[in-house]
Amino acid sequence: MQVNEYKPLIVAFCCNWCSYAGADLAGNNRLAYPADVKIIRVPCSCRVNPMFILRAFQRGADGVIICGCHPGDCHYTSGNYYTRRRMALLFSMLDYLGIERERTRLEWVSAAEGAKFAATMNDFVEKVTALGENKRLEDLRCKR
Amino acid sequence: MHNDNTRLTQEIIRASGVNPSKCMKCGKCSATCPAYDEMEYHPHQFVYMVESGDLEPLMNSKSLYKCLSCFACIDRCPRGVEPAKLVEAVRFAVIRQQGADHMTPDDVPAKLNEDIPQQAIVSAFRKYRK
Amino acid sequence: MQRIGVFVCWCGSNIAGTVDVHTVAEALKSEPGVVFSTDYQYMCSQAGQDIIKNAIKEHNLTGIVVCSCSPRMHEATFRKTAAAAGINPYMVEIANIREQCSWVHKDMQTGTEKAIILGKAAVAKVNLNTPLTPGESPVTKRALVIGGGIAGIQTALDIADAGFPVDIVETKPTIGGKMAQLDKTFPTLDCAACILTPKMVDVAQNENIRIFSYSEVQEIKGFVGNFDVTIKKRARFVKEEICTGCGACVEKCPMKKIPNEFNLGMDNRHAIYIPFAQAVPKVATIDPNACNMLKKGKCGICSKVCSAGAIDYTQKDEFISEKYGAIVVATGFNPISMEKFDEYAYSQSKDVITSLEFERLTNAAGPTAGKLLRPSDLKHPHTIVFVQCVGSRCAACAEKGKEYCSKICCMYTAKHAMLVRDKYPDTEVYVFYIDVRTPGKNFDEFYRRAVEEYGVKYVKGMVGKVTPEGDKLKVQASDLIANKQLHIDADLVVLAAAIEPDKSARPLATMLTASMDTNDFFTEAHPKLRPVESPTAGVFLSGACQGPKDIPETVSQASAAASKVIGLLVKDKLTGNPCVASPNELMCNGCSTCERVCPYGAITYEDKEFMMPDRSKAIRRVAQVNPAVCQGCGACTVACMSGAMDLRGFMGSQIIAEVDAICK
Amino acid sequence: MQKITRDVLVNKAVSLLEAGEVKAVLGWGKGEFSYDVTPTVFESADELRENFVWNDFCGANFSKYLVSKTRKIQGKILVFLKPCDTYSFNQLLTEHRFDREKVYAVGVPCEGMADIAKVKALAGDGISAIDFTDAGLVVTTLYDDEPKTITYADALAERCVNCKSKKHVAYDELLGESGEVLESARFDEVEKIEAMTADERFAFWQGELSRCIRCNACRDVCPACTCEKCVFDNPNSGAENKAPATSFEEQMFHIIRAFHVAGRCTDCGECSRVCPQNIPLHLLNRKFIRDIDNFYGEYQAGAEVGSRAPLVDYNLDDLEASDVFDRRDTE
């Protein structure tokens, strides 16, 4: 194994009903994606507080991805619609602050989309790896 | 030729602001059209021909000039397709291709006449000066 | 501090093949709170579960982490195991090291490293877990059905047959709804009255069913299992219990020029009336806007002729409060107004009618006693034009029509056309259509019979305009296949008007906190898997209030809703999901933000007195979550700015602990 | 200079107080310096006559104070509201933060407020007195013999240069006349930042936010920040930090704070007014306002009571989070 090979740290929030099941399906079908992705189970994507995302970045995550049911398929009927608005605004704000927009992502993955889950994670890890370590979010203040 | 046709179709769609794919082929435009019997191609066919890029026969047809622009089809269309606007856009396309039928400011004074409403001349000028 | 036990499962080689389970168990031993850690081949097996149970007892464990397959597989199993050993089942967390680790990673070192991190996250979470107990609430064993059409009737009968009391609230003086107005029903052509009226009688005679006719729902409070409903029983000025329905009052009533709603205004009724012969309840009702006695205090004839003494001019609206465990919405539909479709001359000519009016014209109990006579001159029409999709599939004209397909028009138009050709073979019948949509058992065959056997002329195209001229209706239409414009001199034009939800549905949805779509149809809890339930617990949907439906579909949904209600009412208590939102009242702003995002209407507010930081007392508005209604999505927790709202089982601090464990 | 005079305000307050209609008056009181104005609760006519201030430094927005004052004071409170304050007032009512019945709201027209930083920049430090004349602010300092005159336009605060509305959207009584909602250029600066490259944006915000001393003044003055307990003061929230321990935390503070007021911020500009480090915090809020307007349709928080804020609402065909950037890039 190469020594200083950069491995990003990715936190994935997955809703229990669709995306977490989609991730399980990716496992059932042995569809590989990098081990850098660590999944946290939430009941619905609308449980994901922007504070959790910032907390992950603060503690050194290089990318955060939120996965939920497709619009119209939310187990709770409307949770993912709120998520969509919240994340659209949050991501736009992070971009406004000059944070690389590829570090955050919101994807809709259904329980049947194991392949999409794996492909999404592969793609996300690749993009974040290309960016390298997440310095900006931490650096926004320190220079005087 | 094909590309040319696609470009022209897109130009017509853009100029008219009409999305022909909204048409559900109910034919209410043709049912409502007062000039139907004088047309070779009827309003619903118009929409379909633009949608499928079948422009040449349309542009060569006299049907274009049978449309009175009464806008009944626009009023009645249940899908908001607005066929009359397409007709108008195709007419423009023909005029642009003809190239020669222009009206210059110099032509205007000669046409002034008590019987012709001034507005007609102004709109003709607007239409045909380019 | 928790005493946590960690149990790492090999799952044979499924996990152990890519994850070094011993290393994982060892590594997790040093995590905060962990007092015991082990691994075993199959944790879910009896032997594996025994290991967990024994460890709980031996080490006085308060929390359990199982590193195994997905929680979607065995979370319930391990919760039961924990409960059997005497600790709260919600003190168990699963680290998914199979589906989300060993199966997707090839390399042992990578897999092991990741499994350890996932295990750490689970340990971090369990450290903050608290024992959770599902809330219980009693169930009032009575159902309310709002709407007394075929949907409401079927639902009520099914619930009553299962032994539960049911109340039907109907705004009209009689139950029966739209189906009572129909003549025949497709695709079998049974007479609607013949199959409906026996059911109406069943309702009247069923001991478990009470009918509140001429009534409406005034107020709804409470939640699943415990609704408090106020019903307003409008004064009908006739004592329902005494009236025999003999009709003597109706005959003698001098006010007889009142448009008859039941026949859609095509004939008249009296100021005191019984909508139709088979009405249930069969009692008279006085129309207060038409009755001279009520308006001017002069007349009183009905009271004189009533041998039962049932007339009571002083009757007042009555308010009835009742408790219900479940509510079924069956408010049905209406045809949309045709007033805005000028091109079809509906407002100009009496001979342009809607399909529902056509039903009354061909109904033996209708204004023409079943003879097909056109309204203007009561002559037999020889040419009839049916126009489909009037106002349906109408995307451009939101103020006129509806964007959706009304679903039932293709079939009833085929029925009408076929019946006309059958009874009056000298009649020419045209049907103008955009598409003929006939999915359903024996539906397409039915439509084809209209064309092939009965000679109905189906024309692909629309009618552009209808112009009354003399005693004819000039119909201008397009025939898209022949590429012709048609001009037909018709005697009667029948418009298949789009259908829309009843106007009472919107205010009712607000009272129920049940969600609706933009067309005012009630939204189902899940479009595929929970089609007869509203997302609001305890509220069920029956019939066309949820979307356009024909009779067979309505009846299926009505029975389905009834079975869901029965499933609820047989329970003595409702056990909730303990993973629900709960507000910290001290931090709550009472700002209503959480209430606005809650899809279930689970949040209400109360004014409570609090000690403020400066020791003064103040009344503050604070949120209350009804655990029986909350489904635990967590939308409110993020909407809450102060963080007063948290979700049990997925608390903010727990998720942050997981984030920290993964990221450190 | 303000068109409406101090006397009109004082007389109104005194008459209502003496008639017993109101128990207390929430208004601007004398501070330490001539330009220093302190939010004050007046309970007597004498206090009002003595200490009430109305001049071009009365920028403070009192809506927020109603949350605590209506709880403490028995009886009605008179509050003076400038047009922009009325939006905050409505927003707080939408969120049920105080009892409308306990407040008597008096609308006051506003000609725009002066920014003391601008005045100091032009007149220098050591200001001992400021007179408000038709020609402008006449500033006397300790170091200059001659007072300097600064025009009102030169002294006008940034938020007033881009005033969004002179219209009072809530009041029980209006002194003077209400104006109109204005076309302002308040998003120009946001657009300028958006037009930068990511590196430039990062550099810009790094420069601004690195000055933050986490004094919490922006939060404490903000009429949208009225939480009973702020997440940053709550050990269980996962975001608690009263003073930043790592470099990241400020930014977390500012992003979260802006997010918490997104869709609720009325753009009153108080955060930037009070920031001792002159960080343009309103540019964070305005970014959210602009995004909301662009993505979900124009929305002005506080324009009416009871409106549904964009973040507690949705449309089935809302734009996807991933399209946020495409949309901007193609604009």
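Each chain carries a letter (A, B, C and D) given by its place in the written order, and its residues are counted from 1.
We take it that contacts are C-beta pairs under 8 Å (C-beta built on N, C-alpha and C of every residue); 3 or more make two chains touch, one makes a residue touch a chain.
What you see is a predicted model; the values in this text were computed from it and never measured.
Looking at chain B and chain C, no chain is in contact with each of them.
Chain A and chain B have Cα centroids lying 51 Å from one another.
Remark: chain B and chain D have CA centroids separated by 55 Å (rounded to whole angstrom).
For this pair, chain A with chain D, the centres built from the Cα atoms lie 36 Å apart. Of all residues in chain D, those that touch two or more other chains are 231, 237-238, 311-313. Within chain A, contacts with two or more other chains are made by residues 50-52, 55, 72, 78, 82, 86. Across the assembly, chain B contributes no residue in contact with two or more other chains.
Contact between chains, per the stated criterion, is found for A-C, A-D, B-C, C-D.
Contact residues on chain D toward chain A in their complex (touch as defined above): 193-194, 198-206, 209-210, 212, 231, 237-239, 244, 246-252, 255-256, 258-259, 262, 284, 287-288, 291-292, 295-296, 310-316, 318-325, 328.
Per the touch definition, chain C reaches chain D in the complex via residues 586-593, 596-597, 605, 612, 616, 618-621, 639, 641-644, 652-653, 656. Within the complex, the chain A residues that touch chain D are 50-52, 54-55, 57-58, 71-72, 78, 81-82, 84-101, 105-106, 136-144.
Residues 71-72, 94-97, 226-231, 234, 236-238, 260, 308-309, 311-313 of chain D are the ones that touch chain C when the two sit in their complex.
Every residue of chain C that touches chain A in the complex is listed here, in rising order: 70-72, 96, 98-101, 103-106, 109-111, 113-114, 117-118, 121, 515, 523, 525-527, 535, 579, 597, 599, 631-635, 637-639, 647, 650, 652, 655-656, 658-660, 662-664.
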